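Once you scroll down, you'll see the structures, which are given as structure tokens.
Presented sequentially are two complexes of subunit A, the first with subunit B as partner and the second with subunit C.
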Partner chain A sequence: MIRMSSPNEFAQEKGRPVKGEGWRLSEEEYERLQDPRSVGLDVRSEGWRVGEEEWREWLGTLLRSGSRLVAPVEEDGLSLFRAVSSAAEVSLRGYGNTRWSPKEFLFPATEALFSYRLLGDEVELGAPPADGGEQVLFGLRPCDAAGLARLDEIFLEDGEDPSYAARRDRTAIVSLACDTARPECFCTAVGGSPAGTEGSDLQLLPLDGAWLLRALTPKGAQLVPASAAGWTPASAADWRRAEELRLAVEESIERDPLSPEWAPVLEGAFAQPLWEELGQRCVGCGVCAYVCPSCSCFDVKDEGDAFCGARCRLWDSCTLPQFTRHASGHDPRPTRPSRYRQRVLHKFAYFPLQHGGRLMCVGCGRCVRLCPVGIDIRESVERAFSAGASGEGRP
Partner chain B sequence: MSDAGRDRFLPHLMRIAAAREETPDVRTVRLEFAEPEVASGLQWRAGQFAHFSAFGAGESVLTIANPPSRPGHIECTFRDMGKVTSALASLSVGQTVGFRGPYGNGFPIDEWRGRDLVFVGGGIGMAAVAAPLRLVLDRRGDFGEVLVLNGARTVADLVYKEEMKEWEKVERVRIVRAVDPGGETRAWDGEVGLLPDVFESLRLEPDGRIVVICGPPIMLHFMLIALDRLGFPPERVVTTLENKMKCGVGQCGRCNVGRFFVCRDGPVVTAAQLASLPADL
Partner chain C sequence: MVQLAESKEPRPRVPEKGWEPRIVALVCNWCTYAGADMAGTARRTYAPNVRIIRLLCTGRLDPLFVVKAFQQGADGVLASGCHPGDCHYVQGNLLARRRFTVFSTLMDFLGLDRRRLQFAWVSASEGVKWARVVDEMTQAVREAGPLATWAAPAATAPSPPLLDPGAEPRQAPSREESGRITAQLQETAANLLAEGKVSVVAGYASGSLPGQMVPAFVTAPEEASRLAWNERCANNLTVYLPELLRKKGTGKVGLVVKSCDARALLGLMRESQLDRADVVLLGVPCTGVWDGGRLALKCYGCSEEVSPLADLTITPEGARQGPLASARERVAVSDPRDAEIAALESLPPEARWDYWQRQFARCLRCYACKAVCPLCYCATCIAEKHRPQWIPAAFDGAGNTAWNIARAMHLAGRCVGCDECARVCPADIRLDLLNRRLALEIESRFGYRADADPSAPPPLTTFRPDDPDEFA
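For the complex of A and B:
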């Protein structure tokens, strides 16, 4: 396994805890916080120890305030994010992660951009239906919250997309740190953590049978109800336990890092013959992009007839055969290997090289789990990096 | 033009003011803005492109064929090729289309001052050459000699036939027209041959010339090889890239060639830049 940066160096990049005043730390805690791997918990933030009854009651309060609540529910044996009408529908039991990422609640699979009506030679354009007010996305795994932060980079920082920005503005995110890792999980390999805070306004950390709720942003703090005055503040022991669990989950994810520092080597591996082998297996079904929390490519097309309809934005995938095909028939990426290479390099080379070293992958593992032919993007990245670093087959 | 706050996908409405069938499948339309204030506020550079829409069919990326020195309206030339262009081709004068743009970088015309210029347009690629060429002709005194090399598969496929006669009358402008072997007619008095061969037969020296080439990928490929062999430095060979695009601002994710997004970083590139891009074209 070739490695250019250790997890420690990488964790340092992602946010080392800062020493400050007013910390009540044991020697051991202080030592641990000096460990650069300690990327998750900032013990200075306010926290409460809450039980299931308390968070359900809190969700009820949010619903009564008129907020839309999106949370994991169990449906046909699958865990899925749904807009719920009561807190009782929310199911966190045995929930590893949802089948689909929560991105559709910020970046819908299909959305009308505007409507059109043809009246003789004239055309009348209409605004799309407004889609509601405040929404709270509850129970997102930290990887998925980080995935939404990637969408922010594309739809806010790379030039603001007004409909995304409006939806993002009225959305608050409550993440749920992991108490277990699934075989396909690899957040730690891409700079994340089972208790990662990127993209979260509030976070629930598991504590054997209860949870530690912490606010991470002012927006998150505003969501904490007045009844929190009656909640038990998290004790030092609670924080310690949450930290122990985080470390335990983190250690159970035995993946070598896929470093953003590999990006130039991967980019240089563009012409490697290896892609032929890696991409021949791909059947071009596109499921990897549809379940991915950070994939943001879209199509724009008219849905309707010659008299009225709407111009719509829809999810798309770079592995689908029509993605880059010109009307003339010319296709810059005419083969499945050329399309699969684009998918890997966009996430692990082109995007990090243009976005301060952040990968366009958060390690949720959905693509690994759901690929019908068993393609593992981690393996592709590692092999392409090895081939690029050794310069084998370079033209 | 400031479109701040306006949804980027919401097009301006334009009326087809005139349409000209250039060839059996190529059409030029002149579009006028439904809102006059949009027309007066619109600024663009030669070489920039826009999304043109036929409502019900969708949007298509086309170059803006009139230069900013001829403002107040928009002109575009397109081949009836896909769903949207065939819908645009079927619309009549007076009907409404959508326009959003401009996007992309445009040609660095000011860097060409004082130089001799060669414009090579193959087939519908002539539409991409039109804006910088017209701008150069509108600012004739700023540039040296102008050679226009226009090729097509057959005589019937040549575009801008009438306008070319006007261009020919401009001082120090030479027009060379060519058709592919077999595409000539009995009355044809131009060249017969593929554009790279015709270009070579002109025996031009590099001499600081700027060469602008626009055309199908296969023509570009062989033109670049020919220019390289003839010693034209790649920094002074300029072309435009084309790819499928859905947004125009680097977000839809399909026009990129490696890290280079054609919509945002292009479409105008030099042969030197092109050589540094991965072979994903």
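For the complex of A and C:
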């Protein structure tokens, strides 16, 4: 006999409020998740000039209120997002961007969907462990915040994923606009900006040693502490300086746009022999997908033994050899170039064609920087587009 | 293991009341199992803490059996088989001796308490010895306490400071010299392609990031101008050889190699993966590759300018037949990682355990380490197997640790020290230290080095009757 506790039973057991019919959100909550970008992005009327002391104090307040705080920290010389226990751990010093994206805090690399236990002749199924309360993701670069907005499209709009939705609902995002661009940065080429607001609830804009804090959504506004009454309101000069810095960083990213309008051409370039060349270097690891803020593919595997364990959702990557291998042994993408093509086309052709022309790439450049063999997705898209547009070698 | 319960607290290292050590014994069918049987028929009483798993031979003992036992709750693992010379299969235990010795070294370096992992020779008639071995081991594990969960250590665990490798022993070559070598390389590659001596040349070309050099494949003489050589050419291109050889058509494969890369060729030849005649090696005079603004650590102790395997050596003056070193005095110093290894080994095991667990906790399981390794050529990796599943797929302490142990062990005695795995690891796990520690162990115990003649078998597939061991 199989017994599985429903989400509501599980919520009751854990003493959490029970929502109507499973995990359904209220109308209001649902609408907000539908398009967090539509809510008051241009609230320029309110902003504060805050120094390091002030934002650290504010983070301390958030921690004391019981929120989980996720922020960049320095670990063995790497910058990584970690849940911190004190505001002093947050390290923005020399911080270009973290080694990998913060997506694991919405879409964990390993997530138990349910557990099983053999009890004599019966199998007991259990709901996964409850995952915390409110969380604040602090210090995300605008590209990463936009990357999480892409995950929203996958996990909320294409059929709602309950565990993602629950986590997303409890999460607020504070982004940190860039004061410099690294060689691999290309947010402006994919419709982003070093001060992009997509996916952010609050944003810090750099101001030569201080920051301009602005709330972008009602959720963000709620996070602003009462002590903000004592903060200096941002002056017109502050706004101007923030805008100047944004323009300066934007200009320093010298990349031509990778247009979403290329999608049909790229899709048409599927059979081009060029992919053989573009993917020849690929050694078939999963770095690009695992460091990417918008890659959302996963596999489902059972972890444990014949007596107890869990069914888990695990990150997966289309460049790994097992990604499309069927149980029969057949693999529709049998070669590394064919797998690499999937990566490029999913981000720049299939996704925009299905999601109103939005690219599944936010230009953080991590895959460009960390690819063991220096594959540059920007170059691949440009070359595939040229080949597709000229129709060369089309069968 | 995947977290199923609410608590994230690791199992305590201080024994709970009523705790009893759990020991898994992996024993051979012919000697130790019979020995244990002998202890039973002789009514010998001994500690009841051991669960016996019978193998046909200790030669069948895969290190992952041990890892699995630990991960499923064993506090100690005892392996035991016939005395040297008594193996039912003649040599299984002698192979096991080498393998277990290297595996113990790895586990010790990872910070596993030595008391938890032991090997003993117990013959079919040694019921008394079996009882003694079990009693002693049970006592030792009791003193060591319960094994902590394989997971990330507390965030506050201090990380031992990285040692400063000191000043680089040599300079990067001048731009002018690299330029002249590049010109000669382009000419040589174009000639080889034009004359049909090779069908493809794998070399390096500029990447899209500033100063970046990336692998490039040239199949026509006019494309040879893409090739270049400088101190940023870090990739080991031998990783592409199996694929290039499958696709080469009629010609040979031309490969630009540094001397460290070429050692991987020796490894492939040693394991019958390569016909040397299919490859034309273009040796480039390398004074060391630069990684993140400084000389790569592997280059400090390297004094080899051109691989002795090279078919052609590309000098600034032109291509020459065979390996050819310049008259330049080349400064090599001791490998700075030896000091790092010594520093780690001077720490108590728990600190070493935390050091590695902290790094393994970051592992993304992207398998870049495996993908760039020229010796990781298996068609299906153990990490991809799930029936049975030896390496948990979950991205957590247990799965990541099992993967990193499996990788290190599968490369033990095969790794050529090109350090590609450590270079590409996005989580900066010090795979080079693991590899180097095992290479040092294998050299000191079995006198084997990665640059040995390719007719010498890999050290863990062979044995000497008088191999050293410290087993009971």
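Criterion: the second predicted complex is superposed on the first by the 349 of 395 C-alpha atoms of A that agree within 3 Å, B and C clash if a C-alpha of one lies under 4 Å from a C-alpha of the other, contacts with A are read in each partner's own complex, and residues count from 1 in each chain.
By definition in this document, contacts are C-beta pairs under 8 Å (C-beta built on N, C-alpha and C of every residue); 3 or more make two chains touch, one makes a residue touch a chain.
Owing to the predicted nature of the structure, the values given are computational and were not obtained by experimental measurement.
**Student:** Answer with clash or fit: subunit B and subunit C placed together on subunit A by superposition.
**Tutor:** Aligned on subunit A, subunit B and subunit C fit with no clash.
**Student:** Figure out whether A:Ser227 sits in contact with subunit B (first) or subunit C (second), or with both, or with neither.
**Tutor:** In the superposition, A:Ser227 contacts neither subunit B nor subunit C.
**Student:** Which holds for A:Val287: it touches subunit B only (first), subunit C only (second), both, or neither?
**Tutor:** second
**Student:** When the two structures are overlaid on chain A, which partner does A:Asp305 contact: first (subunit B), second (subunit C), both, or neither?
**Tutor:** In the superposition, A:Asp305 contacts both subunit B and subunit C.
**Student:** Under the stated touch criterion, which partner chain does A:His330 make contact with: subunit B (first), subunit C (second), both, or neither?
**Tutor:** First partner only, subunit B.
**Student:** Return first, second, both or neither, reflecting whether A:Ser86 touches subunit B, subunit C, both chains, or no partner chain.
**Tutor:** It touches nothing on subunit B or subunit C.
**Student:** Which partner chains sit in contact with A:Arg369 here, subunit B, subunit C, both or neither? Use first/second/both/neither.
**Tutor:** Only subunit C is touched by A:Arg369; subunit B is not.
**Student:** Determine the nearest approach in Å between the Cα atoms of subunit B and those of subunit C after overlaying the two structures.
**Tutor:** In the combined three-chain model, subunit B comes within 6 Å of subunit C at the C-alpha level.
**Student:** Output the subunit A positions appearing in both contact lists, the one against subunit B and the one against subunit C.
**Tutor:** In subunit A, residues 299, 301, 304-305, 309 are touched by subunit B and also by subunit C.
**Student:** In their shared complex, at which residues does subunit A touch subunit B?
**Tutor:** 113-114, 116, 118, 121-123, 125, 154-155, 158-159, 161-163, 267, 270-271, 296-302, 304-307, 309, 311, 313, 316, 318, 323-328, 330, 332-333, 338, 342, 345-346, 349-350, 353-354
**Student:** Spell out the part of subunit B that touches subunit A in their complex, as residue ranges.
**Tutor:** Touching subunit A from subunit B are residues 5-11, 13, 15, 53, 55-60, 81-83, 85, 94-96, 98, 216-217, 242-244, 246-247, 249-259, 278-281.
**Student:** Quick check on the complex: what are the subunit A residues that touch subunit C?
**Tutor:** Touch list, subunit A to subunit C: 75-78, 80, 82, 85, 99-100, 109-110, 112, 115, 126, 129-130, 183-184, 280-281, 283-287, 289-291, 299, 301, 303-305, 308-310, 312, 314-315, 317, 320-322, 368-370, 372-376, 378-379.
**Student:** So in the complex, the part of subunit C that touches subunit A is made up of which residues?
**Tutor:** Residue positions touching the partner: 1-6, 72, 155, 159, 162, 207-210, 212-217, 235, 239, 358-359, 362, 364-368, 370-372, 384, 386, 392-396, 399, 420, 423-424, 426-428.
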